[in-house]
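In what follows, structures are represented as structure tokens.
What follows is chain A paired twice: with chain B in the first complex and chain C in the second.
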Partner chain A sequence: MNLADLIGGFFAALFTFLVFSYALGDNALFRMAVHIFIGAAAGYAAAVALNNVLLPAFFSQPLTQLVVPLLWIGLLFTKLSPRTAVLGNPASALLVGVGAAVAVGGAIQGTLLPQLAGSASFFSPEKMGQAFAAGQTGAALGYLINGAIILVGTITSLAYFHFGAKSLPNQMPQRNRIIDLVARVGQAFIAITFGVLFAGVYSAALAALIERLDTLIEFLLRLAGLA
Partner chain B sequence: MKFPVRAPVSTLVALGGGWLILLAYIFGLEGLRATILGWVVLVSAAGLLLGVLNLAAVHFGKLRGGARNALYSFLLIVSMFVTFVVTAWLGPEHAAPQWVFDYLLLPVEASLVAVMAVTLTFAAARLLSRRVDLFAILFVAFAILTLMGSGPLLGINLPIVSDLLRPWLAQVLAGAGARGILIGVSLGTITTGLRVLLAADQPYGG
Partner chain C sequence: MGSATNDNDLPDWLKELGPSGAGEAPAPQPADEGQPDWLSAEPPAAADSGVFGVEPEEEAVPDWLADIRQAEGRAPDEAPPVLVPPSPEPSEESPGWLEPIRTRESGSLPAEDLEAPGDFMDRIQGMKGGEAGEEDASADWLSGLGQPQPPAESGLFGEESGSLAADWLSGLQGGPAREPAAESLDWLQDVGKSIGLGAPDEAQPGAPAWLGDAEDQPPAEAAPPVPDWAAQAAEQAGQAVAEEFPGLPGEPAGTVPSWLADIAPTEGESESATSAADYKEAASEVFKIDTGELPDWLAQISPEDALPAPPEEEAPRPSPFDVAGELAPADLPDWLQAMRPVATVGPTELPEEDRSEAERVGPLAGLAGVLPAEPEIVQFGRPPSMAAGLQLNETQRGYALRLGEMVAAETAQQARPRPPLALPQRFVRAALALILILAVAVPQLLRGKYTSLPQAAGTRPPAEIQAVLDVAAGLTPEDTVLVALDYQPGLAGEVETAAAGVIDHMIIRGARLALFSTLPTGLGQAEHFMATTQRAEHPDYLRGRDYYNLGYLSGGAAGLLQLATDPRAALPVALPDGSSVWSQPALAAIFRLRDFAALLVLTDDPDSARAWVEQVQPSLVDPISGQTTPLLVVASAQAEPLLYPYWQNEPAQINGLVAGLRGGAFYEANIRELRARRYWDAYSAGLTVAVATLLVGAALGLSRNLLVRRRAGGAA
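Right after this comes the complex of A and B.
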């Protein structure tokens, strides 16, 4: 173990202890660790953005191609002062407008269409035909039943987020009865989904806990010359 | 339906940039799309720098004002400054920034995730003590079932639970709910995006 690793191991162990102190409740040691972490993470992210995005672009492109982005960046930096901040709004607007367009395209192409195609694929006549032709009737039926469950789950889960309600005089607004019934089924699917997701996150957290404890023990053993 | 325009220049820029990207995407104008996205990537990187500067300025203000928790602000500014200077000067691939990454950022991130194991256990236990209904029971029961089937219990993989029930739960029952949520999120994203592109929402100041 060289000196840099020794000091690094000491700091890693120290920060692990400081963060673990949160298990006893929010305290000054935990806050110190988190503030140091936020500072280092922000500094690291800023330096990476400067080194890997801004400087390479400025040194690799001719000035004529940089005039427009430099203008936007200049406008954005007017936000540093409250007096000139209003000048930076068009630069923020560019980020918001382009971000919205990219998000719309991404949501349609990256999520909506693949998810709809995934739901429909269970009912593909071609796949069913192949399975029945191969004599795999049980497998084909199982596939069909799973597809039906997924379809029902998807539709009812979506219905759960339908919050439209009819308001009647002198009464609380009420949801349509059918929608309400369908939404309750959806709520059950959502509860199951969150249960399964919770188990996944919990497993990941446990794995991280074991890794941290293992690293700590290994460092302490090395320090004592026992490993 | 009226959409009052509070800031004509900003609105024009947002609509112009957004619709150009959408039209370039629809008509396959890759050059135009790449050019605008290239600008936006640079402006976003500058925005990140601006955000970090703002964070430093806020904490510097707290430090100068002698706020009660000024020590935290001092630690944040010092760690930010040292990490930024070392990483910007030597480059992110150099051994010194890598040391910061390996021995500070990574252990703290992993420890925060590890602490989550404790807080999640408390949260799950509290859920059943505060709210006992069908959905809470379903949530906890399926979480336990999935955990039981996730790995060997005392060195033994539980038959049926590990190889049949858990995959079916994850892929069919949970998959159905997740698909509904994902479709809902994408519909929400499209609606929000279109509201910005139609200037119904103008979240960029006046």
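Right after this comes the complex of A and C.
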């Protein structure tokens, strides 16, 4: 174990314990460790952006092609002062507009339409006919069941977020009974989904804990000369 | 005044009433000096006709009258036997012209007051023959004519007998037998002097024109003389003015000023007003005339035509200062009537009572109907109070109340409830942490293999993992795999453990790797990953020869889109020698993303993985051949539920998925045991503790709720 590994391992173990101290409640040690992590990450990100993006771009292109990018950068820097912040609005608008357009277009073409087509494919007669022709009756029923579950889960989950209610005089607004019944089914689907997500989060956190404990144990064993 | 002075007392116009007309020279009349202006200017009408012509002397008798006298067999100067009832002694306060009315009402007139004013009237009286007894009343009325008459009773043509006109004329002459008439003429003389009437000689000669207009003149225009009280008031006012302003020229004592002379008839009218019934009664008695004895022009005039319209009986007007304090309605003058805003109120017609409502205050006080629009546009009384708040029904009020309660609950400082558990929450939390840490740390310390991997021998892994295995197994040393490390350092332990077997498999297959990241920390994560997971297994797999670190791809989703379009422009990385990384043998043939053998995304965020699917995956499909460059994802367990639909979709948008430590364990079970197997025991212990904790906690909560309900039921 060289000195760098020793110092690195020491601080890693120290900050690991500081974060673990949160198990006893919020304390200054935990907050100090969090602040250090945030500062280090921000500094590292700035260094990476400067060294990996800006400087290579400046030095790899002729100066004439840098006028427009530098102009946009200058406009963005005007956001530092409230008095000149309005000058940076065009640059901000460009960034937000391009980002929104890219995100929306990608969501429609990459998620919405393909997922709709995939959900409808479970009820495809061609697919069902091929399964029955091949004698795979179970596969065909499996398609129907899966498609039905997806369809019911989608509709009922959307119905759960339907908050429309009919208002009656001198009464509190109440949901339509049919919508309320469907929403209860959707609530079950949402509960299952949240349970799966919680299990995934717990699994991820457990794996991170194991990795941290393994690192500490490895460091201590190495420090003790046992490993 | 004695009879000798009758000629002097008469004014000029009276002298000219003689039968000779304008041709005779009138005798001087001293008494005319006291005549007021109105009396000289507007003498009684019909004087031209000579009906009431006065003949003070014999030579003044006209010819036609002399003929009448001769036809009756009397001397021209013989006065007709007029019987006039005695007049009571006039009151000092009342004017003289009221006395005839009083005497007529009382039915007696002193005989000395009956005086034959002229032969003409005597002849007329004589025509009545022995009807003297019936003419007492007429004589009484005629005696009053000599006095200033009220307008309603000034019957110019009411001469049924000659004594009527003679009495009136005698009053004007002021004979000595008629003392009250003489008294009334005194103030007339004073008024005439005060207004500057000239001597009788100065009077206009000839018959006056007003006598011819008498038939058309309303009786009201016959101006009565100024009463005594007015004369006394004028004298007192004159004395006061003389004392105050001794230098003023003043008026002669005993004269009435012109302004007071103008007021006098009005006052006389008001004081001598009688009811309409009395007027009709008097008129019926007066106008009993034998038309056969009268001239033609007189016979053609009926009493109804000659008399003015009798005043209608009107309700007594309330005084402006009566007890009720209400102002009496006033009569609108013509000019004000013209200015009245009639019919400008609105489409609706005001009721009569509203229009007749009199103003009570202001300059229009006492006038009725001056402002007819006022009742329409003015709201009497207090205006209705308009509520400034909102009109809420019960439901809205309930909403508002509930919202207020919510806001109050948010802002109010609530006392932290005491923990329901017997043990402090911090102790429970520390105990659970300790249990979990021990459960995880012990297997790590023991370094044993107490649990088997999830995939049993001879079985196949899940399809998504098998797909990754198949892609990695198909790599060759000429293939280059683009690896994106899009995960935070906090979850590096899980993601790197899951990806260690996949990368190891690819390296085993001889594929070269091009590492980059869309996160600024990805640059260091790539080196950390290769150093901690692969260096021990592949010490000869070197950077710059076998794998490349393309660095950081900025721009998020837009950067991914640019990468899909032109990877060289998106990641312009230069090596230390100044050459482009794309010039290296492993990347020299790469111009599009489809040129990579596979894309492997290591992520802990489902949104990041979705961005790859949405922005990059469509560019991986060759539009000509339809072949697709596989997109493989190694994700954290928390992102697996959200990425699974992309894997299950048809066609699949993710061609292989390894999620979490479990996925890594499956993968290593098919290749070789690496980090996933090393952590699998601790992972299994941790899951067991978690499940046990959940079960214990659920049991404790259930029992506590049952206990609370039981206590609540017992208390109820």
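Basically, the second predicted complex is superposed on the first by the 217 of 227 C-alpha atoms of A that agree within 3 Å, B and C clash if a C-alpha of one lies under 4 Å from a C-alpha of the other, contacts with A are read in each partner's own complex, and residues count from 1 in each chain.
Please note the rule applied: a residue touches a chain if its C-beta (ideal position, glycine included) is under 8 Å from a C-beta of that chain, and two chains touch if they have at least 3 such contacts.
Given the structure is predicted, the values throughout are model-derived calculations rather than measurements.
Using the contact criterion defined above for the overlaid structures, shared-chain residue A:Ala120 touches neither chain B nor chain C, since it reaches no partner.
Once the two complexes are overlaid on the shared chain, A:Leu80 sits against chain B while remaining clear of chain C. Within the superposed three-chain model, A:Pro56 lies in touch with chain C and out of touch with chain B [touch as defined at top].
In the superposed model, A:Ile149 lies in contact with chain B only, and not with chain C.
In the superposition on chain A, A:Ala139 contacts neither chain B nor chain C. Legend: residue contacts after superposition of the two complexes on their common chain; A:Ala91 is shown touching chain B, with no touch to chain C. With both structures placed on the common chain, the touch criterion links A:Pro169 to chain C but leaves chain B unconnected. Contact with chain B, but none with chain C, is seen for A:Phe15 once the two complexes are overlaid on the shared chain. By the touch criterion defined above, A:Leu6 reaches neither chain B nor chain C. When the two complexes are overlaid, the chain among chain B and chain C that reaches more residues of chain A is B.
20, 23, 41, 44-46, 48-49, 52-53, 57, 98-99, 102-103, 106-107, 111, 115, 118, 193, 196-197, 199-204, 206, 208-209, 211-212 are the residues of chain A that lie in the contact sets of both chain B and chain C, per the superposition on chain A. Considering their complex, residues 20, 23-25, 41, 44-46, 48-49, 52-53, 56-57, 60, 98-99, 102-103, 106-107, 109-111, 114-115, 117-118, 121, 167, 169-172, 193, 196-197, 199-204, 206-214, 217 of chain A touch chain C. By the touch criterion stated above, chain C contacts chain A in their complex at residues 393-395, 398, 426, 429-430, 433-434, 436-437, 440-441, 444-445, 489-494, 497, 520-521, 523-524, 551-552, 554, 556-558, 561, 572-574, 604, 610-611, 613-615, 617-618, 636-642, 645, 648-650, 653, 659-662, 678-679, 682-683, 686-687, 690.
Taken in their complex, chain A has these residues touching chain B: 4, 7-9, 11-13, 15-16, 19-20, 22-23, 31-54, 57, 68-69, 72-73, 76-77, 79-80, 85-86, 89-108, 111-112, 115-116, 118-119, 146, 149-158, 160-161, 186-206, 208-209, 211-212, 215. In the complex of the two chains, the chain B residues touching chain A come out as 7, 9-11, 13-19, 21-22, 25, 36-55, 57, 69, 71-73, 75-88, 91-92, 95, 97, 99-118, 120-121, 124, 134-136, 138-147, 150-151, 168-187, 189-190, 192-194, 196-197, 202-206.
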